[in-house]
Amino acid sequence: MELNQLMFFLLAGLILFFSVLAITSRKILRAAIYLLTVLIATSGLYFMLNYEFMAAVQLTLYAGGIVVLIIFSILLTSHISHKFEQPALANVFAGALTGILGCGVAIWSIIKFPFVTTTQPALVVDMKVVGTQLMNTGDYGYALPFEVISVLLLAAMIAAIIIAKKGN
Amino acid sequence: MDFNIYDFTSFTTWVHNALTSSMSPGWAMFVELAIVGVVFIAFYAVIGLYLVYAERKVCALIQNRKGPNRVGPFGLLQTIADLFKLLMKELIYIKNADKFLFNLAPFIVIIASFMAIAALPFAKGLHAIDLNIGIFYLFAVSSLGVIGILLAGWSSNSKYSLIGAIRSGAQVVSYELSVGLALLSIVIFSGSMQLSTIVESQANGWWIIKGHIPAIISFLIFLVASTAETNRGPFDLAEAESELTAGFHTEYSGIKFAFFFLAEYMNMFIVAAIAATVFLGGWMPFHIPGLDGMNHVMDYIPPFVWFMGKTAFIIFIMMWFKWTFPRLRIDQLLKLEWKYLLPLNLMNIVLIAFIVLMGWYIK
Amino acid sequence: MEEIFQDIIIKKSDDYIINMGPQHPSTHGVLRFELCLLGETVKYIIPHCGYIHRGIEKMCEKNTYQQIIHLTDRFDYLSAHMNNEAVCLAVENALEVEVPERVKYIRTILAELNRIASHQLWWCAFGMDLGALTTFFYGLRDREPILDIFEESFGSRLLHSFNCPGGLMHDVHPNFQKKIKDFIKYFRKILPEYDQLLTGNIIFQQRSIGMGILSKEDAISYGVTGPSGRGSGFKCDVRKHHPYSAYSKVDFKEILYTEGDTFARYKARIDEMWESLNILEQLVDNMPAGDYTVKMKPIIKLPAGDYFQRVETARGELGCYIVSDGNKNPLRVKFRTPNFSNLFIINKLASGNKIADLVAISGSLDLVIPDIDR
Amino acid sequence: MTNDQLKEKINGWISGLEFPENKQYLEVVVPAESLLKLARLLRETPETAFDYLFCLSGVDYGKQLGVVYHLESTTHNHALVLKVKTDDRVNPNFDTVCGLWRTAEWHEREIFDLLGIKFNNHPDMRRLFLDDEWVGYPLRKDYKDDINIIER
């Protein structure tokens, strides 16, 4: 086995293992930490693909941003002695069934997809290309979605401020 | 082999070639990783310990004292003795604490600082990995350390720790913005996020000089915001000893406490190194165009010394802050960021974009 | 009467309670604050004291008047001399003994030196409370010359017990005057450094101006005296209004500020150090020669009755109330210590502010815990 | 106001009060039931305006228990000593004055703690220095503690 493959299986194994832990843990903060590990391992996959920009975005936004916010809200709301109750058996079964179904669909589509092996060297993603593409208004440009998302975020922020103000 | 302290490229290629010729590429890579890891751990330990020593000496200087001067010449071995003391200390277990997270927290803090140190260019050709998004990566990794602090505060099951952790969370999340935006200004100037390119672009002058007013503003903002992000005085609210006894690490003892302690100093080193790299030219010597004689003398000083010298200078400024200013209050801290630093930063970035567009900086 | 009890604390079962102390760096000793927090904001504060109550008042009832003096050092250890003086003056007034002029001068000089030393230590600790750690070493450095003067003359640095009814234990060291003059010269030069390091600092001012405002009415009603009370405009300087020892012979200002916030209390103490230097300067050159004590009987018996003596310590008004039934032991001795009254204003001042402000406010009240517990 | 004027004024409010000899301050002995009334008049009348209670002490006279109030007016600069005594050693109680002078609240708690004098209508009548489970009142003359107090 090559080192590359070893690395991939290691990361994939980490992601699978901690995903299962994250949903089965009965302590909420531990679940958040397992989720963090999953996200960091995912960014490791991006690093393997030489897509460093995506990897750094994954680290900043998900690991550094969203998980910190999740942990922060857990800190404010829950106590250390709090534990989730064991879910009802029917729920466990329904959840497992949905999980297996989703997994099956994913595996099926991966098997069905005609992957073509190339001998070309790995593509180096130039940051300038990413930048111009993001701000491009022409074909395949991301300027419009970018702006629409910013409006959405603005709306969310205003809503948050209004909710926070209501207390006073 | 051609070993040259002014350019490590030939040395690193020699090591790489020697390894690949004697074993399979996979193993060669593995050995390289191991070497880099060992070097970094050793470097980390030495820098961490001697920053503690430096802080004690600087603080003694400011406070009309002598500082450590008993163990070894000038007290140089004092912090090593302290390390042994901390290693031997009993690890106190807290009843009702979440043991797993309680033990995990110091490691998260220290791993985050390890990840950041990997991307720093110490001298020409001397860096572990030269990512093409170097600055972005540093910014991303530096935001992970706070998770360790939050965990430490919550899992100790102590109210003081929890308040410290919440303070630190609010503080780091806010000040990250200013740090990122201040670094962005130099990205605009140099047109690259790769640290080696940024350093190369300062061969004819550091950005703080070439970028004049807006670069100086960014530098000052970066200095303030990064001091806050590393939880150092006057922004050390997370561990404010007069209010929260020790904040998030109140319940830690022995080597686990030492991890937090070491990580704090390493974070200080990392932000100082980033500032030195981005604003003060990294390992580039100080050059004044036209004065060839002086420039040659400056070139004679090895790049590694330049880098460490600049870093030490910024660390000194940060220590100077800490030992002269009183601590801010939490609302003042957040007000400073959201009402003053952030708007100033955004305006500064617009200004920089304009200056770069017009070409009004020193090329 | 109900309207006056509006600030009475009502506890609820879901309050977020945090214990500050008895082992906490910013309570300056074994005092415990029971804080109720609402996020960072303090809802109410219940001070708990008595961790080092030694029963000094009970001990006084078993001892003679000379012995009592040695106990009084132990409550406010930073103004030990003034505590001694209170008992001595009470006994001397009761017996109608006139002490020599020299004794009055020396007592006043010592009181002012002690006041400066105490304010210096307060300044150190106050800076520490606000997170400015360097102040601690500046203050301690400048306190050293004063302690040296004490040590040279009476062999101890903190708890002198140098007074006795009728005068002093023995005469001061020949170097006394010269050393004090040196100190005045040195400290006049060094005191502006305090302003440079802390007073002018923008963070310090932001944290102290307008924080914990104590109105004059509250200061009087709660009996907050000393620099803390004078920061609110309460004219409570015993030295000025009920002069004792040599205070009637010196010309000095009563430091008054009307703002009543932390900064005013801070400024009042800094200004008091300047004023103490003035007093010292007026006294040290004119020290009359003469006896250091008057002859007293070995066993002092006060005539039956009540005796009250008010003295200004570094923290406020100290009252020494002696009830005598004519025996060699007092029937009851009560010390009205300044910190006991000053402490309980803390809930009024700090509730509604942040935790950090509570630390700053309790620092600005200059609490000495043994003085509360006695 | 001079001491004589004060005496006259107090006599005008409540007659038959005892004014013992005291060289330092004017001294008044009040019966327990009219303590609060006199205190309120002293505090609230503009001519007297005793707004500063600078000492509040409990005294065990051997047979009697008493409380001594040292009052001063910050506007008129006159002072007065109020004394109140009781023979009841089992359940001594007086009215609280902490509605008039807030500092009295903790001084009264201290007296309750050490001398066992209860103050009616006090908002928080608990022990101040000692444990809530402490038996006895240490400052009383008849207090016995074989371990901590050595009788000579």
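When the chains are written out, they are named A, B, C and D in that same order, and each has its own residue count from 1.
Just so it is clear, contacts are C-beta pairs under 8 Å (C-beta built on N, C-alpha and C of every residue); 3 or more make two chains touch, one makes a residue touch a chain.
Predicted model, so just to flag it, every value in this text is computed and none were measured.
Asks: What chain is the most remote from chain D, judged by the mean position of CA atoms in each chain?
Replies: So the farthest one, by centre of C-alpha atoms, is A.
Asks: Compute the distance, rounded to whole Å, between the mean C-alpha positions of chain B and chain D.
Replies: Between these chains, centre-to-centre, one finds 64 Å.
Asks: Find the geometric centre of each of chain A and chain C from their Cα atoms only, then give the gap between the two centres in Å, rounded to an integer.
Replies: So the centre of chain A lies 62 Å away from the centre of chain C.
Asks: Report the inter-centroid distance (CA atoms only) between chain A and chain D in whole Å.
Replies: 72
Asks: Where the CA atoms of chain A average out and where those of chain B average out, how many Å apart are those spots?
Replies: Taking the mean C-alpha position of each chain, the two centres sit 28 Å apart.
Asks: Would you give the residues of chain B that are in contact with at least 2 other chains, written as numbers and ranges?
Replies: Within chain B, no residue contacts more than one other chain.
Asks: At least two other chains touched by the same residue of chain D: list those residues.
Replies: none
Asks: Quick check on chain A: which residues sit in contact with 2+ other chains?
Replies: Residues of chain A never touch two or more of the other chains.
Asks: If you connect every pair of chains that touch, what shape comes out? Choose line, ring, star, complete or other.
Replies: line
Asks: Check the chains against each other and report every pair that touches.
Replies: A-B, B-C, C-D
Asks: Where on chain D is chain C touching in the complex?
Replies: Interface residues on chain D, with respect to chain C: 21-25, 27, 51-62, 68, 70, 74, 77, 81, 99-103, 105-107, 110, 114, 121, 123-124, 128-130, 138-139, 149, 152.
Asks: Mind pulling up the chain C residues that touch chain D in the complex?
Replies: So the residues of chain C touching chain D come out as 1, 4-5, 8, 49-50, 53, 55, 57-58, 62, 93, 218, 220-223, 234-236, 241, 305-308, 310, 317, 319, 321, 323, 331-332, 334, 336, 340-341, 343-344, 373.
Asks: For chain B, which residues are in contact with chain C within the complex?
Replies: Interface residues on chain B, with respect to chain C: 59, 62-65, 159-160, 163, 167, 233-234, 236-237, 240-245, 323-332.
Asks: In their complex, what parts of chain B are in touch with chain A?
Replies: 25-26, 29-30, 96-98, 100-101, 104, 131-133, 136-137, 139-141, 143-144, 146-147, 150-151, 153-155, 157, 162, 165-166, 169-170, 172-173, 176, 192-193
Asks: Provide the residue numbers of chain C that touch chain B in the complex, in ascending order.
Replies: It is residues 16, 18, 24-26, 37, 40, 127-134, 136-138, 141, 197-198, 201, 203-204, 206-207, 354-357, 359 of chain C that touch chain B.
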